[in-house]
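Just so it is clear, A, B, C and D label the chains in written order, and each chain counts residues from 1 on its own.
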Amino acid sequence: MSEPSLAIRKFSDLANPTRFLALVSTVWPWLAGLTLCLFAIGLYLSFTGLGDYQQGETVRIMYVHVPAAWLSMMCYTVMALSALGTLVWRHPLADVSAKAAAPIGACFTLVALITGSLWGKPMWGTWWVWDARLTSVFVLFLMYLGLIALNRAMDDPTRAAKVSAVLILVGFVNIPIIKFSVEWWNTLHQPASVIRMDGPTIDPAFLWPLLVMAIAFTMLFFTLHILAMRNEILRRRIAVLRRHAARSAGDAA
Amino acid sequence: MSHAFYVTASYVAAFAVTFGLVLWVWLDHRGRHRELQRLEAAGIRRRSARSEDAR
Amino acid sequence: MRLVAEGLSARRGEDLIFQDISFEIAAGEALVVKGPNGSGKSTLLRVLAGLLPAEAGTAKLLAAAQPVERLSEAAHYLGHRNAMKRELTVEENLAFWKAFLGDFANGAAVSVDEAAESVGLGSIAHLPFGYLSAGQQRRMAMAKLLVAWRPVWILDEPTAALDVDAEKMFTGLVTTHLARGGIAIAATHQPLGLEGVKELRMEGFVYAHPEAWA
Amino acid sequence: MIALLLRDLKLSVRSGGGALIGVLFFMTVVAVIPFGVGPDLNLLSRIGPAILWIGALLASLLGLDRLFQAEREDGSLDLLLMQETPLVLTVFVKCVAHWIATGLPLVIASPLLGLFMNMDEVAIGATTLTLLAGTPAITFIGAAGAGIAVALPRGGLLVSILVLPLAIPVLIFGVSAVYAAIQEPAPFLPPFLILVALNLFFAVIGPVAAAAALRLSSD
């Protein structure tokens, strides 16, 4: 009986910025600890595991490249959900979430691009090719940067959030393009091997470290995201207090 | 160049970017925290905080 | 120290805005420029500040504490706009002008904090300039006059957007400046509440060549 | 003067991220080219240096119109004009600050884009080096255009039109220095030194012209 009401109360707790701040300060050390543990295990597994008979040692790049690429898409999905929250429910925390996620997404996309390049050089003999997968990820990177620039260019955060929410949702068409580009077009990039309808085709020896690293990266994202959200809430609180201070100084003088 | 070079480079790059991100979040928090404290020191507090004092 | 203007005239485009204006102000004196809208008050002040070339005549600062080539080097100009950046805090704005303007000889400049304090807004000097109301912004722009010492103050409608208290505060600032041996020239509609000031009345347009284009 | 440099840098960091938009524009322009010419890697690596240079040229013109217009709008320009410090020096410092905030990020981003253009290491190094030597010249000569267009209501586009023809020599010697570095027989140093000389020349001519234009446009 009490379960659903508790869940509802928890959700509305989250909705209040002050309660959210309290929640963040209790949760984040645990999340950070978990992230560190997962990274320790993941890094251990990825360095002790076997080299691939075809790709040799470079297969180890996969353990950072694939999770980063996965995060670049997941982060955008989180932003798109937040954008929906901004436009449909007009929720202030959704604004904060979308804004805080953009720099993090940009960084993980950058990691995916860099590690992809470093993997492509020994495998394909070139740093970069303009094929569908690589190009669409690069477009994603530009979109993240554009969203950051848009947010910075506007003074009023709520208005900026609405405008960027529209842009985020329009840009969401890019995500399925990235995901399926390797299947729709013939490219150099290898097709998906983990998330498939008929189960993973990848050898378990590589799957385990990859999975652990993917979870570790995801946890890292959530840790950074809630901390960045906290910073953004504080930033807005400061802005409100400053306006308040300017008004009350006029009364006093 | 050896394959080990590419592997190391990608791990180092990934670490550098992630570290930068963590650093940004941390510095941002420290800066905001300081600004809030400065405002509070100047006697400007949130309405809810003031009403709690009154109670 | 004396400020001497002789036979000043200026034009904007084809029109001669004013013609043959002369005055002399000694240290510790103030000149209030009066006249209806469009009579050329602002233009006169901009000519004095060296921002517009004079058509004829000269304005010089004689016997100053440090010889100056142009009057503008010894002057503060407070125009309609405040010359402060919205994105920077008030402190940063004032500190920049203090460092950039430097001090005139025999300077009596005050620190940034004191300046903000003396316009009655010391408590909000840490805020970004953009957060302030129009009146507060104007007062902070006046604090700029204090952070770097200039013997001559050229003030264009200084008290627009100010309430009665702030006007009084400003009168106090000008009086202190005059007592230190400064010179103030102000264009204004409102009485500044200063005592014993000279007055200059501007009449309005002088058409250059009425027959030429009419 | 240091105060002015620091203030302008602070402003560029705080307001609207002008530097970020410049780099973003640069990346977008370069990223669009392969769609236009097709993903032919050999062709891309051949035209890469030129594309990078044109992209950097356009991107560094982007924010130039605000160089003096922002100062004029809030009245700071009047105060800068009045001072004993030569106006030329003030303009020069503002240009340096503008270059650090918008030109330097372009130079830093160019190696990355060079990889996208499938350029080899020598070409990337040469392009970065020539951009480092050439983009200040664009800023300096752009300041003259910005000074002329300061009083115009829609000066932004006009600045680009005025400045682009003047920046052509920079483009010519920049690109030819890069190609000289790639193709063996042609020597790299002469065009590069001319580029540096152009830079120094514009560092004098630009601020002088801008200062004169600012004095005349004051009203």
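Operating definition for what follows: a contact is a pair of C-beta atoms (placed from the backbone, for glycine too) under 8 Å apart; a residue touches a chain by one contact, two chains touch by 3 or more.
These numbers come from a predicted model, not from an experiment.
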Per Cα centroids, the chain farthest from chain A: C
Pair joined by more contacting C-beta pairs (A-D or B-C): A-D
Most central chain, Cα average position: D
Separation of chain B from chain D, taking each centre as the mean of its C-alpha atoms, in whole Å: 33
For chain B paired with chain C, centre-to-centre distance based on mean C-alpha positions, whole Å: 45
For chain A paired with chain C, centre-to-centre distance based on mean C-alpha positions, whole Å: 54
In chain C, residues with contacts to at least two other chains: 123
Shared interface positions of chain A, touching two or more other chains: 242, 245
Touching pairs among all chains present in the structure: A-B, A-C, A-D, B-C, C-D
Interfacial residue positions of chain D with respect to chain A in the complex: 16-17, 20-21, 23-24, 27-28, 31, 34-35, 39, 41, 44, 115-116, 118
List of chain C residues in touch with chain D within their complex: 12, 49-52, 68, 72-73, 75, 77, 79-88, 92, 95-97, 99-101
Contact footprint of chain D on chain A as seen in their complex: 117, 126-131, 135, 138-139, 142, 145-146, 148-149, 152-153
Parts of chain B lying in touch with chain A, wherever the complex brings them together: 1, 3-4, 6-7, 9-11, 13-14, 17-18, 20-22, 24-25, 28-29, 32-33, 35-36, 39, 42, 44-46, 48
Contacting residues of chain D [partner chain C, same complex]: 1-4, 6-7, 10-11, 14-15, 73-76, 78-79, 81-84, 218-219
